[in-house]
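So that you can tell them apart, the chains are marked A, B and C in the order they are listed, and the count of residues begins at 1 in each.
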Amino acid sequence: MRAPDNPVAAKQDVLLAVDNVSLGFGGVKALSDVSFDIRKGEIRAIIGPNGAGKTSMLNCINGFYYPTEGQITFKGVKRPKMRPYLAARGGIARTFQNVALFKSMSTLDNIMAGRSLKMHANFFWQLFRHGPAMKEEAAHRRVVEDIIDFLEIQHIRKTPVGRLPYGLQKRVELGRALAMEPELLLLDEPMAGMNLEEKEDMSRFIFEVNQQFGTTIALIEHDMGVVMDLSDRVVVLEYGRKIADGTPDEVKRDQRVIDAYLGVAH
Amino acid sequence: MLYREAGQYKTNYAADMAIFPLREDRVGIAIIILAAYSLAFLGNSFLLQAVMIPFLVFSLAAIGLNILTGYTGLLSLGTGAFMGVGAYACYKLMTAFPGVNVIVWIFASGFFSAAVGALFGLPSLRIKGFYLAVATLAAQFFLQWCFIRIPWLVNYNVSGALDAPLRTLFGVPVVGATATPQTRYLVVLTIVILLTWIASNLVHGRIGRAWIAIRDMDLAAELMGIRPLQTKLLAFAVSSYYCGVAGALLVFLWYGGAEYDVFNINQSFFILFMVIIGGLGSLIGSFFGAALIFIMPIVLGIVLPAMLSPFGLSVGADVIEHLRFMIVGALIIFFLIVEPHGLARLWQIGKQKLLVWPFPY
Amino acid sequence: MDILYKIFVEPFLFMVEAPDLLIQTLWEGLVSGVLYALIALGFVLIFKASGVFNFAQGIMVVFSALILVGLYEKGVPAFLALLLAIGAMLVLAVAVERVVLRPLVNQPDIILFMATFGLTYFLIGLGELIFGGNPKEMITSALFLPQGTTELEMFGGLVRFQHLDIAAAVIASIMIGVLAVFFSKTRIGRALRAVADSHKAALSVGISLNQIWVIVWFAAGIVALVAGIMWGARSGVSFSLQIIALKALPVLILGGFTSIPGAIIGGLIIGVGEKLGEFYWGPLVGGGIETWLAYVIALLFLLYRPQGLFGEKIIERI
């Protein structure tokens, strides 16, 4: 894993910029004219009421959808229309709102699958599971074991993830994303449906990932307490539009944000 | 108390990642392989020719289909045709280059079916589920038509059927009318063991994880950098390779010659049934499934007439065949309802029970 | 260049030169297209109501026809045999619901799909066990189906219209019309569509899934029986008819699994395309391409439009 960057100096560089992005499905507009940026090393929160287009935004960022208008620039390069695996190759990992683990595989194999991009032993050696193929498996197993230790999930190492409780599944999913050693980690509601204790654990992991490995994180979350504590900057979406952008304190005081969350008297 | 995990410590990751991490499992496998080889010298030729050789051939085909349908989650109804490609390719190679050893051609013929399989796998990027199943039916019917209509494939032979020319290995005939069941059994057994070992290596490594990832959650797999088209095509190619080799073995080491009709849609279905009953996504299940589906009618053919003869009833071969269809159909439904993971799951449960025996927890 | 000429020019010249043959081919394609559509309709019925892709529909066509013919052979009067065949379809519907669908409710679609493979083989075995495996003649005259041909002179040649084909086209069209009305206008039709959308939601508004399933499987059984009588009258009743019935699958791919108009148009495209292909291009490759042409047409079409003719574009979500 990479050494921690200097957080203060690094936070000035823009890692990913979203410029005037719109996304439509037929007649429905999921995003209209959204612009914001994500700086290297920060924790960026995307919040907003249900149906505001937060997940669509993440889907655009990792190449699952292609914006109908506008553009996304990642590491200074304008993003062409492409398949999602290229985004993964570029260093973007993510977790999903409804856990998208490989249900029949064990925790270990799920996280190992996250190492797919880093494994190169060729087909010939794979046939025999010896030599370079086995050496590589063992080397990556070591990295995976580090992640398992970090997330404190040693005891479920060989359990098929389909049998795990929801909170642990979310943790395994985070582990799988970390195994990709991403530069940008997208977390879609990492704490949805968790109890207080699990939320505290998860917040700690997210914070430590950011601090220890210097990974840039963009997260969607509904729990305002968590968002305000964790994130460096917050962007607020409503009906596919950006209504506010700034530090947690700025956003908290913004009248439009308050209206969006509490409703306005007409 | 014979089967215990306790006391076997692993000191490196390679040992922990071994396919059979338990000593008892390794011993068990060794015993099974040994028994299989000694059967060649103990069993009579009926047992070898009519039971063991076909069982091994179908197991190999079932492993092939299991890689595609069980591990990668792509349903194929074209298995029979892919086996046919292997058989016809092997025939052409064997007769075009009679000087090269036949074993080489059996392995080489798989590459032809792998290429054809990958070609028909191309639509799998865009279509899934039963749409894909219908697409593979296109392969089944198109390839079967090729087998009938292209006389070049059978060297313009008047009967239109494949025959097995005499071929030897170390001076002993292995293909052709003079090859004994014993030698053919030994050759088939060796090939099946080798290919099963390779399949097990593949599914336990990076490639197998990619296949299962595509099956369990294809979108998430893609977002993690697993390329869907390559992974699926590889599954089609490897799967068809196994089916192709199985097809070549079927014609040249079991039947000793065959017509196109061997590779019809019923063959495709019966191999699929072996995979479903044996267990989707399990190599050992492929053997169980092949055993059940293939050996059941043989047993039925012996047991049923014996049971009914005291009552003065006789049972024809056609009735056995009809009963076989009914029982197989009913078994499929039964397994899908009661144990969708098939016989392999029952085996697993059995081993789990044995691990904790004599305490039930 | 010669081969290109043979593929792209000659067949069309031939069509223009001998329009009577073209009409004849089109007519035959049309009739088999309507019958494909009828079989496909059975699939659509069940798919709409239970989300099950019923692979056994093709076998139900053969099975029902076999019961009819088999009973007649055993001395049962034709119309009683027809009633009994309908009764057998009801029994089958109830049995399938009890034994297959109920225990598998809420399983993934692909599991249910595979369960219908099991059903297919069970029915093949059962049918052959009871009635034997040899092909049988359809009891055309006993059911008062018209026979004989009308020859019309047109475009300087004779075009033959089998009366049976005309009857088949008319009866199939009526069936399709009745079902379309049944689906869109009746209370049961609405319930069916609700069930198709979501089993759980349908249950929660008080629709009895079990009842609905029996009804659709019974309806699909009757459709199968009609299709079986018509196909059987044209090409005999035996399990090789299954291969014909399977051609409803490409029809479905073309038309989409849930659309009745789709099934009709898909059926016509496949029926006509196949006959034209066989007659005009088949000889170039030695004939017999009817066995796979439909699948290849469907396959190529899928690559271009994975959602079918009438399906909506699928938006993947995660």
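Operating definition for what follows: contacts are C-beta pairs under 8 Å (C-beta built on N, C-alpha and C of every residue); 3 or more make two chains touch, one makes a residue touch a chain.
Just so it is clear, the structure is predicted and the values come from calculations on it, not from any experiment.
Placing every chain at the mean of its C-alpha atoms, the farthest one from chain C is found to be A. Relative to the whole-protein C-alpha centroid, the nearest chain centroid is that of B.
Once the centre of each chain is set as its mean CA position, chain A and chain B turn out to be 42 Å apart.
The distance from the centre of chain A to the centre of chain C, with each centre set as the mean of the Cα atoms, comes to 48 Å. The centroid of the Cα atoms in chain B and the matching centroid in chain C are 33 Å apart. Along chain A, residues 64, 96, 100 each make contact with two or more other chains.
The multi-chain contact residues of chain C, meaning those touching 2 or more other chains, are 316, 318.
For chain B, the set of residues that touch two or more other chains comprises 219-220, 223. The part of chain B that touches chain C in the complex is made up of residues 75, 123, 126-127, 129-131, 133-135, 137-138, 141-142, 144-145, 148-149, 219-220, 223, 265, 269, 272-273, 276, 318-319, 322-333, 336-337, 340.
By the touch rule above, chain A contacts chain B in their complex via residues 62, 64, 83-85, 87-89, 93-94, 96, 100-105, 109, 112-114, 116-117, 119, 121, 123, 126-129, 133-134, 136-138, 141-142, 145, 176-177, 180.
Residue ranges on chain C touching chain B, taken from their complex, read 53, 99-100, 103-104, 107, 109-111, 113-115, 117-126, 128-129, 133, 243, 246, 249-250, 252-253, 285-289, 291-292, 295-296, 298-299, 302-303, 306, 316, 318. Chain contact summary for the complex, chain B toward chain A: residues 12-14, 16-17, 19, 198, 201-202, 204-207, 209-210, 212-213, 215-217, 219-228, 281.
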